[in-house]
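Two complexes are shown next, each including chain A; its partner changes from chain B in the first to chain C in the second.
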Partner chain A sequence: MTEPLLRAKMLTKHFVTPRTAQTVKAVNGVSFDMFAGKTVGMVGESGSGKSTVGRMVVRLLKPTQGSVAFRGQDISLLPDRAVRRLRVDLQMVFQDPWSALNPRMRVKRIIQEPLLLHSKLSSSERSDRAEEIARSVHLNTDLLTRFPGELSGGQLQRVCIARAIATNPALIVLDEPTSSLDLSVRAGILDLLQELRENTGAAMLFISHDLGTVRLVSDHILVLYLGHIIESGPMNKVFDEPAHPYTQTLLSAHLPADPHADLHRHLLDGEIPSPIDMPPGCPFSTRCPLVREDCRTALPPMVDIDDGAQRAACIRIPEGTNQVNC
Partner chain B sequence: MAEFFTVTQSLTNSMFRKVFSKVIGISRRSPTSVIGFVIIFIFGFLALLAPLLMPYDPVSSDPNKILNGPSLEHWFGTDGNGMDVFSRVIYGSRYGFGIAIPTVIVSLFLGVPLGLYAGYKGGNIDEAIMRVVDAFRVFPSIILALAVVAATGPSLLNVVLVIGVLDAPIFVRVVRAEVLALRSSSFIESGIIVGNPTWRILFVHLLPNAIQGATAQTAVRAAWAVRISATLAFLGIGIQPPTPEWGAMIRQGAEFMINGQWWVGIFPGVALIFMVLGFNMFGDGLQDLLDPKRRSGAK
Partner chain C sequence: MTLLRVKDLHTHFISRNLDNEIRIATALNGVSFELSRGEVLGLVGETGAGKSLTAYSIMNLLKPPARVVGGTVEFDGRNLRDLQSDDMNSLRGSEIAMVVQNPRSSLDPLTRIGEQLVRVHTAHSDATAATARARAVEILGSVGIPAPEERMQAWPHELSGGMAQRVLIAMALMNEPKLIIADEPTTGLDVTVQAQILDLLRELVETRNVAVMIITHDLGIVAHYCQRMAVMFAGRIVETGNVNSVFDNPAHPYTRTLIDATPERLRDLKHKVHGGGAPPNLYNLPTGCHYVERCRFADDVCNDPVAMEEVGAAHFAMCSHISAVRDGWLS
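And then the complex of A and B:
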């Protein structure tokens, strides 16, 4: 087995609320590996800690506990100055392209900035490279002299992606890159991400709450619930045979493309619990249709399914009684 | 060739029209700022062309013409040293600008970086900076200025530095408030992700987006600088007579006022009022124009 490019180990992030001094347990012991050229899709409801994990992976946030090893080096403890040099290889694309670009900078300068900071290219070489990158994200080069305010959402997100790939990074975190875009534009961005995935060989962490888009771009799936990974596995296996009751209900809530398909939906009651006031035992126990007494006592461990490529955290799995009747 | 001309002509025409319509728009929105601008423009004209406009040397005294009233020869009369008040009032506008502009520059250079840094870093650093700023603000600035200028000596440079430092807290506050509003937008996070060092985040990414409030304040602060420097001179601590500075002239004039020789103090006083008024009116318009929080009322 090849060495992972990035290994997140027991990542934990707790925030303390400013006034009431309560502890928000955003992320609780998340571990996963990322490999070059592979895309990991991370799904979960809002409030499940997806974005926090993404920000810890690229060290925008320091984890409360746990480590992020990038090429074997723990970056969670590095000083900011050292992390800055690693930015060549660690990039991120944000959810809202309207606020992710400096409104007072022309598009060309935005795309060139990583090159200015990390390479010794002359200004004309940078300019050529910026045009090249713009073309590779299918951005009209006429737009390079514009300000972000003059571009559409889809164009802005292309600029964000162009900036992220400018230095040929080894790893890119995409934090819901399509969820604020119109459907028609979204498809174009997804096509572009597919292309990049094939051409750049970068490892990608694709964060989304939309199962359809995750399915399109991912090799491996992580399902997050209240800051815990409750299921992980190869994309096809997780989508075809979801093991955890939460994954099953999540998938059943996803609308198929065919409007005449039989819907076996199992809708969950209530909302995701507050990460301030975590339920004891299994985090999903407050909403699980299969809940029983011993679910509420201890956190269920991840157990292997079949050959161990797929894993899930439910105590019913060894007994084979983990299927929600839809 | 003819074609070229028509093209450039229509180009300049449209540009002129654009500028012109903008000026009309501004003057309609805030006529006071236009009046203020005109006043400042006139003073600027006086200051620049002072040597051409002054009928006499402002600091040469004529012992035969002490305290003469306004006449055709000396429009504003002469002062206790026999110097021409009209020439001195005109020359005084140079001191007005010479204090106002460098003072605001000192305040900007101090206040803007501190405001950017405090707002961006937050937490304890922000607390520390803001407490120092508050400490400056709770002191009556005139007393503090008096004390410092008295201790360091009454040179023009000292007056500028002291007033500039005392006024920096305003800019710290204005800039910090804008940075706080911007800090959560993800272009700052993007700046970090791309690998910007802190100074670049502050000056390349935050500064251009957070400077409007401070720019809008500059003219009003210039008015304040003119006023407080004149106050210092009037109290005998700032610039010293016979320098033709308005505050110092008013102080001189005050001595003669009770004898009925009003012209020595009144004319520099009126000039001072107009310059402060001009800066303030211009500043008000500038704030309406640049400060997004105040823009809502005027469409």
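And then the complex of A and C:
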């Protein structure tokens, strides 16, 4: 097996609320690997810690505990100055393109900015490179002289992606890159991401709560619940044979855009508990339809399913009684 | 029985530019549809197509520079456009209720939710505060809020997104409405919560025989919760019909693009999705079909006015090249 490009190990992030001084346990011991040219899809409800993990991966946040090894080097404890040099290789695309771009910079300057910081290109080389990148994200070069306010949502998201790939990064974190876009525009962006992955060989962490989209772009899936990875595995395995009861119910709640698709829904009651007041034992035990007494005592470990490519954290899996009636 | 009949609705944004010339954005250009009790209609389309504007025009909630300039809205035998604002006020929130997209910002942050529910009821009936209270508790329970009696005392900020959306639906139900307009009722909610809210809406349709219009851009919701759908583009309904019929046999090129762009289809699809692009300029719409600039089947005929054409049982589309689109879509 090849060395992973990035290895996150027992990542943990706790925030302390101001005034009341409560601890928000946003991420609790998350471990996963990312490989060049592969896309990892991270799904989960809001409040499950998806974005926090994404931000720790590119070191926009410092983990409370755990490590992020990028090309074998632990970047979680590096001083900020040293991290800045790593930004060449670690880039991020944010959810809302309207607020992610400086409204007073022209598009060309936005795309050039990372080159200015991270390369020794002359200004004319930068300008050529910006045009080249704009073409590679299928952005009309006439738009380079415009301001973000003059562009549509899909065009803005292309600018954000162009900016992220300007330095040829090895890894890109995409935090809900398509959820604010219309359907037909979204399809174009997904096409573009696929193309970039083939051309640049960058590893991608695709964060989304839209299961349909995640399924379309990912090679590997991580399912997060209350800051724990409760299931991980190859995309097809997780979508076709979800093992954890939460993954099963999450997938069953998805509405495919096809009136003839059979829905085998098993709906959950209630909502994700607060990360301030974590349930003891399995984080899903408060909503799980298959819960039993020993679920509430200890955190279930990740267990291998079949050959170990797919793993899930449920104590019922070894007994084979983990299927929810969907 | 038809409850709501919207006919040829036109809404314009009328303003002046810096040279003091009148500028008109033709946002709705002849929207027509019908809705019966016990029916769920899905209104889909991209941002700016006029979905929400249709709802606001029906409810007569437009603010200048937007103005309804033509058409009729017939609700339960009355033309809403002829009503005085007092009469319209008494209709709104009682016979027609609206559930909006962002539940947190539509609740008064300084009033406990129980009080807000009671106010909605007492404003439209002679009920005493006590009976209104009892009703509020009952409705809160029926929309699936645990411990409704205690929840009456809750402040809006104490509710999660899903709970706030339930409170909003409860508020809509306080006066037994005949029509509920739900504008993106589940956008921003998680899939598990989304399913709970949509099931609740469906149950209301079945048990209370209300009519529901769901405005959404999620075709999954339309496919599984609506009986009929209407696809909007640039202020016009370009295709309408039963959900199965439209999904199986989309006639308008825009509808096809929309369905092709869903993740489920993208996975099976070999060809690329055609037709993403900027919405047309509402200040200067094409004379014929509004989709002409993004359509790969467009020719000179498309600049002539187009009309709705029947393409199947109770299935209509507004396109001059329906058979060409059907045969040539994949080429």
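Everything that follows uses one rule, which is that the second predicted complex is superposed on the first by the 325 of 326 C-alpha atoms of A that agree within 3 Å, B and C clash if a C-alpha of one lies under 4 Å from a C-alpha of the other, contacts with A are read in each partner's own complex, and residues count from 1 in each chain.
In this text, a residue touches a chain if its C-beta (ideal position, glycine included) is under 8 Å from a C-beta of that chain, and two chains touch if they have at least 3 such contacts.
Computed from a predicted model, the values in this text were never measured in an experiment.
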item: Partner chain(s) touched by A:223 [first = chain B, second = chain C, both, neither]; value: neither
item: First (chain B), second (chain C), both or neither touched by A:170; value: neither
item: First (chain B), second (chain C), both or neither touched by A:96; value: first
item: Chain B or chain C, by number of chain A residues touched; value: C
item: Which of chain B and chain C A:196 touches, first, second, both or neither; value: neither
item: Which of chain B and chain C A:8 touches, first, second, both or neither; value: neither
item: Partner chain A, residues of chain B touching it in the complex; value: 185-187, 189-197, 200, 204-205, 208-209
item: Chain A - residues contacting chain B, complex; value: 58, 60, 84-85, 87-88, 90-92, 94-96, 99-105, 113-114, 117-118, 160, 163-164
item: Chain A-facing residues of chain C, complex; value: 46-47, 160-163, 190-196, 199, 217-224, 243-244, 247, 257-267, 272-273, 275-278
item: Contact set on chain A toward chain C in their complex; value: 45-46, 152-154, 182-188, 190-191, 209-213, 215-216, 249-250, 253-261, 263, 265, 267-268, 271-272
